[in-house]
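Two complexes follow with chain A in common, the first pairing it with chain B and the second with chain C.
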Partner chain A sequence: MSIRIERRLSQPRWLSVAVPVCSLVVAFLLIAIVLLATGHDPLETYKDLFEAAFTAEGALSQTLVGATPLLFTGLAAAAAFRMNLFNIGGEGQLYFGAIGSSAAGLLLAGQSAPVLIAAMMIAGIATGAAWALIPGFLRAYLSTNEIITSLMLNYVAGLFLTYLIFDSSSYWRDTTSPSAAVFPVGKELPDAASWPTFGSSIVVPFGFLVGIVAAIGLWALYSRTRFGFEVQVMSDSPRAARYSGMRTRRKILAVMGLSGGLAGLGGASQVGDFLHTLDADPNGLRAYGYGYTGIVVAALARYNPFAVVLVAFLIGGLQNAGISLQGPDFPSGLVGVMQGMILFTTLGGELFVRYRVRIGRSHRGARPAEAAAEATR
Partner chain B sequence: MNDSILVLVVASGVAYGTPLLYAALGELLAERSGVLNLGVEGMMLVGAVMGFWGVQRIGGQGGMVLFLAVMAAALAGAAVALLFAFLVITLRANQIVSGLTLTIFAGAAGLSSYLGNDLGLADAPATHQFEPVDAFGLADFPVLGPILFEQTWLVYASWVLVAATALYLTRTRPGLNVRAVGESPQTADAVGISVTAYRYAHVVAGGALAGIGGACFSLALTPSWVDGLTGGAGWIAIALVIFAFWRPELCLVGAYFFGAFQALPFILQARGVTIAPELFQALPYVMTVVVLVIVSSGIAKRRLGAPGALGVPFVREER
Partner chain C sequence: MEPTAQSQTVAPAGLRARPAIACRRITKRFPGVVANDRVDFEALEGEVHALLGENGAGKSTLSNIFTGLYRADEGELEVNGTPVAFDTPRDGIEAGIGMVHQHFRLVEPFTVAENVMLGDTSDLGRSFRLHPRAIEERVAELGERYGMAVDPRARIWQLSVGEQQRVEILKALYREARILILDEPTAVLTPQEATDLFGTLRAMADDGRTVIFISHKLHEVMAVSDRVTVLRDGRSVATVDTSASTRESLAALMVGRELNTYARPDDGREIGELLLEVDGLTAAGDRGTDAVHDVTLSVHAGEILGIAGVSGNGQRELAEAVTGLRPLTGGQIRVAGKAVHAGDPRAAIKAGVAHVPEDRLHTGVAPSLSISSNVVLKSYREDENSVGPFLRFRHIRDWAVELIRRYDVKAPGPSASARQLSGGNLQKVVLAREFSGHPRVLVIAAPTRGLDVGAIETVHAHLRDAAAAGVAILLISEDLDELMTLSDRIAVMYEGRIVGEVAAAHAVVEEIGLMMAGGGER
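And then the complex of A and B:
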């Protein structure tokens, strides 16, 4: 008797639905055990969470507020991870998007709303992409691992943001209003720079709609264009891509720029939709780790742009519930534990999609062709 | 002379660098076995909260309580590292995503906060803490006294650990084996070294050390518990391993260097010098990027670079 794990020759369709569902169930069971062990009623807690996220008065509007940044950072991660480019710098690229878009909003004060909004979006994309091109360039031309460089640059970006508002008299800082004398804040953007919202019972931020458009665009780019095809080949087999004459370096720059641009657009949406100023408060923009959670969102969505929209909505709901339930009866930190546990079980569940577990005697024979092909990569 | 700013900066560099040193040594062990664990911050926070729980809830004589608290921190760090190890080694999950998830799961808005709240540790005053120990009565020795001989037991223990790790990796059979596993798991497997066992052992040991690193905060530097107590030290520890070219003895130097950058803004502020603190705080990250660029170029890569199989899952059937 032995337990063997072997690669599946084909992945049955039902598995790619059944496994995530089972993973989710297992995650909720495991969290229920944690809750029980620490003296909380799991069913009651889950019910509260669900209500606060989706069914309570105004809950859906708040959930969309939480989902909007995750949609952008999730798409940013999905765009890069698809090509095996591990851009984990979404956090810093989002900050730079906020810096660029707020500069555009302040500079163009007095212009009409459409001009301002368009300028903010473009500036956000450009600054986010520029920040992502640093690790992109290092990876493409000096073959420096982009994982660590993009991660390190997150902290540089965060400190730069703090510097702009707290420790310098930068263009972004408000030095005139009386409240700014007490606590450093950024300049307020003109009213016309506030992005519109749609709907009344469920308020949909403009940024969320932009994100959905971006998701469609990303899907089209990756599955309907030559660019997307080449990216796919490079991710599956870098060698084959090089031999067939694809321009690997340019593609790395393009994908990193695309990823950073999406995260930067998320920063622009934070400024335009919600903050209306460059926010450097440690409990503000920098507190939620949107960039990192975006990677979780992308992984849960298996890097599919449409699934990112759905997962961003669900995780946004979870975060929103965590914020609105904050209090003595609700275990703090539960939201992080749940996010982590759900992703753990999902990542673990992937094994059962890609491999089969055999219990019993292994039968000797020719190695399956596909496993052999895998090995010669 | 012992009040001079330079002595002060180096001495606090040692104090602030110690948690980085523990965590970096742990990460170094994991990375040398070929596993990149980006969950250091999460493991440190869980260690910090359980270490603080230890001093608050374990009864007995001061020194013993502190020792047990450090053990509790190490166990907690090891426990969450085991979860990560199971995912990336047995279930072959993506190491980067799993590591980031570990930080979200265990970090400032996750398990550490949950435990801190449920165990009622937030805002509780510390009952025991590590105090500086005057070693050999040399604390007043010019210049070196405050730097080397007026530190806590955690600092002295970390020096032993650095030496032990360096010897382990270069002079012992298991140490050489783990390097083989990190450089070329296929080769190691072919000569009969269990890649899985080595990776499990070193990831879990790394978690234990990260836990102790977290405890340096809650038991010595800032004896208390608040959410996110370690304030990003786990990320600096990851940077430090690269900055030190994956070598324990260089980790020691780097940790104090980075520690000094953490402490410098406060020291300067106390002396009325106003330089934007972000400048110093950003330097470790920028320098790590520079070092990474250097080690990814030709010659340096072979002599100083990352373990060959870092971040690559080992699947025996698919070589």
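And then the complex of A and C:
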């Protein structure tokens, strides 16, 4: 007997729905084992989980708060990964978006809310994009691996953020208020720089709506425009792209800029929607790893912008529920195990979309797609 | 070249021979197609057995069944008289069957020796420690012995297609296969090299090995084989002794009709103004050293200039330099008298230089994208295909449907991916796109490699039509027959230089072959 993994010749459409659903079922079965072993009733826990994420009073609002940054970093990762450009730097680009947008909010104090909000969004996009262009330039002109450079720059960005608030008297740092003398904090942004919310029973942050618009824009850009066409060709065969006269280096810069801009907009949304200051607290903005979770969001969404919205919402719910579930008899480690298990099975399940497993005596050898295509001549 | 090569043919293998590999009523189905339909085949020990047929006749599928890559749906396979059922290619290798594929199975970033080492099940290959020196020596020795010199430490991506094929042959030789299957091995060799290879194959057969030689080239089959099995539409049509056959009789078996091959028609093309001037062109290769030295060429409207040469002598680099894919280190390119900004594919396209690259599947098209997308690969920016930043998908689709009809591309539809197409249909898509850009100059490399007889005729007809319409064509090919049939003049490239040029009407194959091998005079 043998187990063999083969590449699928074709990927039926139903698989892309069935596989994630089955993965989730498997995850909940595995979690049930862990829960039983630790003396919890799985069904009860799942009920609590679902309530905390979606149905309890104010749960959906909290879920949207968690989903908003993931929506942006998910779109940022999807935008770059579509062209096989692995921008792992969403985290740092988000910090820089926060730095840029908070500067805009502070500098333009006294302006009307629409002006302030627009300026913060533009500044967030610009600074996030600028930070992403560093690995972009290195990749386009020196063929440096953007995975390494963008990842490393996350740490640089994190340290720079710390420096601005903790280790310098920068423009962003609050040096006047009494509390700031005890623990360094950033300046509060003017009230007019707070982004609005919509709805009463379910509070929808302005940033989440901006994210949905960005998702629609990204979809239109990638599936309807010349730019999107060039990205498709580049991702499939860079040689064919160059052969057809596409400006491949510029395209790398543009896509890195786009990706960084989306992450930067996520940083602006953090400042405008929730923080209202430049937050460098090690337990604050830097603690959540939105940039990294965004990569998972993009992968689960198979780089589809609309799916990113949905997945960001679900992962946001999961994180929100995790926080609510924690208590004396439900340690946070267990919450982490649950979240990890779900990510593990859903990402692992992706294998079954592209490959199939044959057990027992196979009637066919591994068939490279090319050989099969040749045989059908 | 036929007379010299034919003189090497030895009488059919003697009476002592017993079947080394045999199959009966092999059937293999793929979704929507029966690739092999009750095929009978038998190759004896000590014989060179040709498997002749057009592309799509089922030769590759049958050889993949022999090597264990596929498993037949029905039928029996015997090796040395014993029934076998191969589950994996490893089973085939262990049974002593070696295969030189048409599409190379090489790891590009690895060296030649490292590729040989892969999957080596001998003592040396199985040991925990690697023995690169020993393998390098062995590879060099084998290469020298069979006249296939290749640097064992060179990395695959640095090698030309022809050199890569030598590595494939060396790989099989290194494993000392008893039954060696070669899938169109001569496509990239000069006539002299092909003759040398035939000598090698003959020597292997004389050692008692079995050589299965897959080809659709009649003169090769005539030159090298003892017996021929002809496949047509997945069926084995006949097995005949080569000595009792003629090219015409084999062709009739293969295509089911008579062919008029290799006659250069006097199509009375008019040679017009000077369109392409290449002046002192020098360009670096992938390894950084000069691959093209001081090449000067000119092609007029309506003229086809053929570039002959063994692959790896700078032809690919020349084509890339002329079409802007490779920067120049010296010289100039002028189209219709105007200098073209070098090293910029878009500038070349704007100047009217069309390009059909050697590597159709990964350079000529984006393989996973649709035919629609691929037909507008160069024209998507133009007004007719886009409104503002948006593409006019319906218009592009209609255009693809029109080109599919006009060029008779066999495809499920415009949204089928380029990868799904056969070599001939893929080439039609590339040609359709390039000609629809109304080029003044066409640079075309290895236009018919791997295509079947019917597709070759079509491609040749398109090239003649384009020349008749006033396009200046630079035709780079390793197939001398093709160059002789199509070109007005033939220039020979050797080690990056043009070593000679002859008018095709007065060309002698042997003379060109000699120049290709570096033995010519300026």
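Heads up, the rule we're going with is that the second predicted complex is superposed on the first by the 351 of 377 C-alpha atoms of A that agree within 3 Å, B and C clash if a C-alpha of one lies under 4 Å from a C-alpha of the other, contacts with A are read in each partner's own complex, and residues count from 1 in each chain.
Here is the rule we go by: contacts are C-beta pairs under 8 Å (C-beta built on N, C-alpha and C of every residue); 3 or more make two chains touch, one makes a residue touch a chain.
Small disclaimer: the values here were computed from a predicted structure and weren't measured.
K.L.:
With the two complexes superposed on chain A, say which partner A:333 touches: chain B (first), chain C (second), both, or neither.
P.N.:
first
K.L.:
Now for A:308: first (chain B), second (chain C), both, or neither, which partner does it touch?
P.N.:
Once the two structures are laid over each other on A, A:308 reaches no partner at all.
K.L.:
In this superposed model, does chain C or chain B come into contact with more residues of chain A?
P.N.:
Touching more of chain A: B.
K.L.:
With the two structures laid over each other on chain A, which partner does A:344 touch: chain B (first), chain C (second), both, or neither?
P.N.:
First partner only, chain B.
K.L.:
Given the touch rule stated above, what does A:65 touch, chain B (first), chain C (second), both, or neither?
P.N.:
neither
K.L.:
Scan A:239 for contacts with chain B and chain C and give back first, second, both or neither.
P.N.:
second
K.L.:
Applying the document's definition of touch, where does A:149 land relative to chain B and chain C: first, second, both, or neither?
P.N.:
first
K.L.:
Using the touch definition from the top, say if A:106 reaches chain B (first), chain C (second), both or neither.
P.N.:
A:106: touches no partner chain.
K.L.:
Considering only the contact definition stated at the top, list the common interface residues of chain A for chain B and chain C.
P.N.:
After superposing on chain A, chain A residues 371, 374-375 contact both chain B and chain C.
K.L.:
If you look only at chain A, which of its residues touch chain C in the complex?
P.N.:
Going by the criterion above, the answer is residues 9, 224-227, 229, 232-233, 236-237, 239-247, 361-367, 369-377.
K.L.:
Show me the residue ranges of chain C that touch chain A in the complex, using the header's touch definition.
P.N.:
Going through chain C, the ones touching chain A are 28, 30-33, 35, 55-56, 58, 60-61, 64, 68-71, 86-89, 103, 323-325, 344-346, 348-349, 355, 357, 359, 362-369, 373, 377-378, 380-381, 386, 389-391, 393, 419-423.
K.L.:
Across the complex, what residues on chain A touch chain B?
P.N.:
So the residues of chain A touching chain B come out as 5-7, 34, 38-39, 86, 88, 138, 142-145, 147-149, 151-153, 155-156, 159-160, 162-163, 167-168, 289, 292-293, 295-296, 299, 322, 331-337, 339-341, 343-344, 347-348, 350-351, 355, 371, 374-375.
K.L.:
Which residues of chain B touch chain A once you look at their complex with the stated criterion?
P.N.:
Residues 36, 38, 83, 86-87, 91-94, 96-98, 100-118, 227, 232, 235, 238-239, 242, 276-279, 281-282, 285-286, 288-289, 292-293, 296-297, 306, 311, 317-319.
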